[in-house]
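We just call them A, B, C and D in the order they show up, numbering each chain from 1.
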Amino acid sequence: MISIGVLGGSGYTGKKLLQFCTKHPHVKEITIYGNTTAGKTIADVFPELDSIVKNSVIKSVDNISLEHDLYFAALPHGQALNYVPNLISAGKKVIDLGGDYRLDDPLVYQEWYKIEHTSPELLSEKIYGLADFSKVNYSTHNLIANPGCFPTATLLPLLPVVKYFNQDILSISTIAYSGTSGAGKSPKSNMLMSEMYGNARAYNVNNHRHQPEIKQELAKAGLNKPFSFTTHLLPVAVGIYATTSVHLEKPISMEGIKNAFAKTYNNAAFIRLRETPPDLTWTVGTNFCDIFYSVKEKSLIIASTIDNLVKGASGQAVQNMNKMFGWDEHTGLL
Amino acid sequence: MISIGVLGGSGYTGKKLLQFCTKHPHVKEITIYGNTTAGKTIADVFPELDSIVKNSVIKSVDNISLEHDLYFAALPHGQALNYVPNLISAGKKVIDLGGDYRLDDPLVYQEWYKIEHTSPELLSEKIYGLADFSKVNYSTHNLIANPGCFPTATLLPLLPVVKYFNQDILSISTIAYSGTSGAGKSPKSNMLMSEMYGNARAYNVNNHRHQPEIKQELAKAGLNKPFSFTTHLLPVAVGIYATTSVHLEKPISMEGIKNAFAKTYNNAAFIRLRETPPDLTWTVGTNFCDIFYSVKEKSLIIASTIDNLVKGASGQAVQNMNKMFGWDEHTGLL
Amino acid sequence: MISIGVLGGSGYTGKKLLQFCTKHPHVKEITIYGNTTAGKTIADVFPELDSIVKNSVIKSVDNISLEHDLYFAALPHGQALNYVPNLISAGKKVIDLGGDYRLDDPLVYQEWYKIEHTSPELLSEKIYGLADFSKVNYSTHNLIANPGCFPTATLLPLLPVVKYFNQDILSISTIAYSGTSGAGKSPKSNMLMSEMYGNARAYNVNNHRHQPEIKQELAKAGLNKPFSFTTHLLPVAVGIYATTSVHLEKPISMEGIKNAFAKTYNNAAFIRLRETPPDLTWTVGTNFCDIFYSVKEKSLIIASTIDNLVKGASGQAVQNMNKMFGWDEHTGLL
Amino acid sequence: MISIGVLGGSGYTGKKLLQFCTKHPHVKEITIYGNTTAGKTIADVFPELDSIVKNSVIKSVDNISLEHDLYFAALPHGQALNYVPNLISAGKKVIDLGGDYRLDDPLVYQEWYKIEHTSPELLSEKIYGLADFSKVNYSTHNLIANPGCFPTATLLPLLPVVKYFNQDILSISTIAYSGTSGAGKSPKSNMLMSEMYGNARAYNVNNHRHQPEIKQELAKAGLNKPFSFTTHLLPVAVGIYATTSVHLEKPISMEGIKNAFAKTYNNAAFIRLRETPPDLTWTVGTNFCDIFYSVKEKSLIIASTIDNLVKGASGQAVQNMNKMFGWDEHTGLL
C-alpha cells in the first residue's frame, strides 16, 4: 500500500487520477496539492465525486510533503520543472503527466514550449512511458514522462509499422481529432458549448507541440520518411480518433502487418486489435487503445482510438505506476 | 420563371431543394415525385416545412409529367438510370444529385456501384458540375452530374494544388469527416442517437465510392501521384470537414499556393479562402466552401469545410441550375 | 427603405439581426455600434458572415448617429437605459431586445435587475412586443420592448388558455429548457463544451428574471392562479422547449381549447398549431412558435418550441419592425 | 459467490448488468439468455466489452438452466410473464427490470400494457424495489420488480415530500427528460442521430406507462392531490433530468423539507442531497440519485437526476441484488 501526492489535480486529468487511485487496491491515500484550489475541498472542485472519492482539503503546492511514495504531476507545462527535480533528489518516484520531460533534447523543448529547460539532466534519466509499447525495466527509474494524448493515440498503432516496414514507407500523414476536454477547463469563448456544438475545427496546423514528441519516438523506431500530423477538435467532450494514411513504396500484405502487430503487442495489457474500424465510444472511459488497419495496394490506413483523459493521461499514468511498482498492469484499471 | 420536377425528394437533400427552390425568384413551381411517399403531402413528410414551403401532394415517380423545364433526381444510386435517359431524350434539362452519372467510365461505375450502366452514352455528354471550379459552358449541356459531398469538399481545395504543383507532390492523403445526414434517413441501429452521440467512426476504409470520383477529377487536373481518401462519421447531423495532407518533394511558398488559389477561384461564387482553420459551423446552412492552407517545409496541410446537404448536394445543384439557365450563381442561395 | 442602427450587436442576437436585415427588402443599410468591438469589422467578429453580410467597421456606442430610422438595442441589461431615452426624445423608433423596458413597474424592475430605472416614464409608453399576440396599434408607438426568449415561448401558448379558461385553472407550472446560446458568448467554465456536452442543468430556480415578465402578462390576461416557472440548460446551442402543466378544477374539452387557440391566433403570422408534440428542430432557424396541447381529464399539457435567437430575440424584433412600419409581418423572415 | 442468469441482456441495460456483475466480488459467473442473439458471443453484440467482460456464447431463452441463484429479466414488456413464474416456482430469486411486475393491479397493467397479466398472484408477492426508499425486508421475497427509470427519478425526491406534507400540497407536476438510450437499440427513423441531434421532443403526453407506476407509489405514501407527469427526449444518450413543481396550499420552510429528506434518506446508500441544482453529468455512469429542492413562498421546485441505465435500471437492480443477499448495498457499484 502506497501513499500518493498529486501536484495540480484540479483539472480533468486530476479528476480521473482521483477516481482510479481511489479504487486502486494498492493505494492507501491520495493527497492533492493545488495552486488556486488550495484550501478548497475535493467536493468543492468536483461535486460529481461526492460520496465516491474520500473528501479532503486540497493542500498548497508550496508545501509539498515528502512523505508520499509516488507523485503525479498534472500541471500546466513549465510548472513541473519547479517541483520534479527536488522530488527526484529526495529519492521519490514521479510520473509527470505534462510535457516537461517528454522530449529528450532540451533545445527542442525550448523551441516548442518557449521555456528554458532547467533540469535537462533528467531528460535522459526518464522513461518515456508509452506503457503498452515500452520494454524498458521500470523498476530502475524514478521518473516517468507520461506521453501526450495525441502521441499515445498515434504512436501505439504506428510504431509497429515503422519498426518492421520503414523501408517500404513513402510517407505518413496522421489526422487526429480530440474531444474538447483536451483543451482543459479554463474558460475560452471559442470552447463554449454554443460555439463547439455541431462544430469541428483544425488547430495548431503544422505547429502542434505533440509533433516533435511523436517524431522523436518514430525516429527511435527507425523512421526516416516524411511524417505530418494535424490536430482537430471533435464536438464531444472526451476521446481521440487518429487516422493515419501510410503511402507505401510497394504493397505489404495484411498478413505481414498482422504479424508486426502480434509481435509488438502480444502481451500488451491495453491494446485491442479490431477487424472493423472502431467506434470512438468503445474506448471512452477505458484505458484501451483500439487499433484497426487496412491495406489496399500501396495504401495502408490505420485507425486508432483512445480516451484522451484515461489512456491519453491518467489511465496510462496509473498503468505506469503499476509497472513501476511491479503490480499487474491492469490493477485498478478494469 | 421555370417549373421544376424533383424525382425522389423525401430525404434530406429533397428537403433542402424544396427550401431553396421555394425562395428562388426564377422558380414558379416545384413538383415532387416519390416512391413510398407518393400520395402523402409535403407537410406529412417534412412537418418542419409547414407554412414555409407550399404544401402539395407528392406524385408517383411512375407518372412523371414532361411539363417541367428542369428535373432534379435525388434518388438512391441505380434508380436515376430508369428516368434520366427518357428525360434527356425529351429534350429536358436534368441535374442528378446521385452517383449514377458522375463517373466517366461505365466499367468503373459497375465496379464500384455493382450495377451495369444502361445509359453509358450519357456519361460523356454530362457535365461534372463542380460549380465553382468548372469552366465548361453549361448552356450547351442538358445533363449535369452533381458531385458527391466528399468529392466537393476534397476537390475544391485540391484541384488548384494539383493543377499548378503536381510535379512537386510526393503524396496526398485526405481524411474527411461527415455529419450523419450523409447516411440518409433510413433507420439503422448503428446510426441511432444512442450509438452516435459522443462517437466517431471510420467507415468504408480503402473502399468508398467517392474515391474513384475524386481520382477521376484529380487525374484530369494532371495528378499522377499517390492519393488516399478515408471517410468518417462526425457526431453531428450536418457538415463535412476534410483535411488533406500533401507531402511535397520540395517546398512550395505560401505565396505560390496563394496565387494558385487566386487564379483558380478569382471569380468563384462560393469559395471563401480563410487565414485561420475554419470552424465547420461557418459553412453549415450555406453554399460556401471554406478553404485554409498552411505550408511548412515540405508539408502542405489543407482544411476545407462544406455543408454536406447544401454545397455537397442541393445548394450546389441550385448553383448548377443557375449556371444552366444563365442566372447569377448566387440566385436563391444567399 | 430604411436605415438601421444596432446598439451592441456583437453577440448571438446581433448576428441574427444582421442576417435578417441584410435580406430584408425594406432595409437599405445597417450600422453596428459596439463597445469592446468598436473599430473591428463585422467579419472580424463574425467570420461566418463573410460574403453574406456586407462587411463594415463597427462604430462606437459613444457616437451614435441620429440619421437612422430605427434602432435595435441588443445590450446587456441596464445599458439600454443610457441610450434609449435620447433616441426616443429625438423622435426615433426603438426596439429594445434587452430586459430594460419589458416590465411595467419600475420597482419590480429594480427588484429583479438590481438597478434603478432612470426612464420609468417610457415603461408605460412602450409596447410589449409579443408580436403574434399583441393587438395594439404599433404605428402610434416609438418604443417596443421585445419580449424575452422564455416569456415568448411560455406566453404564446399560455395566454389563450388563461384568457378563456382562467376560472377553470387550479395551477400552472412551466418547465423550460434553453440551448446555451441564451447565456451569451462570454466565457464561463460551466458553459464550456467539456462541461455541457451530455449535460443538462436547472438554474435560477424560483429566481429567474423572466418570471415577473411572464406573470405580468398573464395577469393582464386575467390570471389569478398559482404559476411557477423553472429554467434549464439544454445541451444544444439553440432552441427553447417549454412544457406547461395546467391542473384544472374541472375538465375542459379539446374542442374548447382548440377554439381558444383559433380565436387568438387565427391571423397570427408565426404560430403553428401541431397535432403531435413538436420536435425542437422544427423551429430552429425560423421565426415560428410551434404549439401542441393535450387534455386528459383535469390535466392540460402544452408543449411549445421556438428558436431562442430568432423568435426569442432577433426574428421577433424584425417582425415587430414590420408591424411598426406597416409591412407584411413575414417580410424578410421566411 | 453466486451464479447469475440474465434473460434478454443484449440491449443497453444488459450491457450495464454485465459490466457491474463482472466487477462484483460476490458474482462468480454470469450467463446471458437471448432471443435473436442466441448463438452469438458477447463480444459480437458488445465489441466495447472485449477484454473487459469474459466473452461467452449467448444461450437461448428457450433453454434456461435452473442452476443459477439469481435471474435478471431484461426483456421487452410482456415477455417476462413467460419465464418468471417458472423460476419463482423453482424457488429461484428474480429481479425483473421490465414493467411486467411493477403495478399491483393486473387490470391497471392490462389497461396500460394492452396485455392480460398471466401471473397476477405474483404482483402482491413482489417487492417494488425502489432500493434507497424501500424499508421492506428483502430476504423474505424472491421477486423484485425493479422500478422504471422515470419512476425512480421522480419518486425518490417526491416520496418524502408527499409522506410529510401531503396535506399542504395543492398540485404536483413532473416534467422529465431522458437520454435516447431509454428508447432502446431497435432502429427507428425518428431516433437517428440526424433527427435527434440538436433536438428535443415531448412524447406520450398524458399517456406514459410510467405514470400509473408513479401514481401507485405516491398513493401508497398518501398522495390524494392532482399529479401530472410528462416525458421528453433529451438530445443525449444517457441520463434523466426530472423537475417537479409542487404548488403548496401554504408555505413550508426549507428546514421542514430538509428534515423530511433527512428522515427518509438518512442511511440511503445512493442519495446525494445537493445545495445547487445538479448537473446531469454528475450522476451519469453512477448509481446515485442527486436531489435539489428550493421553496419560495408557495412554490416548491425539486430537481433530480439519475443515469437511466444505471440507477434507472441495472445499477438499481444490482443494488436490489445486494439487498436480497444481505450484502452492503454499495458492493460492486462504486
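Methods note: a contact is a pair of C-beta atoms (placed from the backbone, for glycine too) under 8 Å apart; a residue touches a chain by one contact, two chains touch by 3 or more.
Fair warning: this is a prediction, and the values are worked out from it, not measured in the lab.
Student: Would you say B-C or C-D is joined by more C-beta pairs in contact?
Tutor: When the contacts at C-D and B-C are counted, C-D has more.
Student: Among the chain pairs B-C, A-C or A-B, which one reproduces the interface of A-D, with more than half of its contact pairs identical by residue number?
Tutor: B-C
Student: I'd like the Å distance between the centres of chain B and chain D, where a centre is the mean of that chain's Cα atoms.
Tutor: Centre-to-centre distance between chain B and chain D: 46 Å.
Student: Please tell me the distance, in whole Å, between the geometric centres of chain C and chain D computed from their C-alpha atoms.
Tutor: 39
Student: What's the distance between the Cα centroids of chain B and chain C, rounded to whole Å?
Tutor: Roughly 37 Å separates the two chain centres.
Student: Going through chain B residue by residue, note those that touch at least 2 other chains and give them in order.
Tutor: In chain B, residues 195, 197-198, 235-237, 278-279, 281 touch at least two other chains, as defined above.
Student: Going by the contact rule set out above, which residues of chain A touch chain B in the complex?
Tutor: Of all residues in chain A, those touching chain B are 170-171, 173, 175, 177, 195, 198-203, 205-207, 226, 228, 230, 232, 234-239, 241, 243, 245, 247, 277-281, 284, 292, 294-296, 298-299, 301, 303.
Student: Using the touch definition from the top, list the residues of chain D that touch chain A in their complex.
Tutor: Chain D residues touching chain A: 23, 47-48, 50-52, 197-198, 272, 274, 276, 278-279, 281-283, 285-286, 288, 334.
Student: Which residues of chain B touch chain D once you look at their complex with the stated criterion?
Tutor: Of all residues in chain B, those touching chain D are 12, 179-181, 183, 185-189, 191-198, 235-237.
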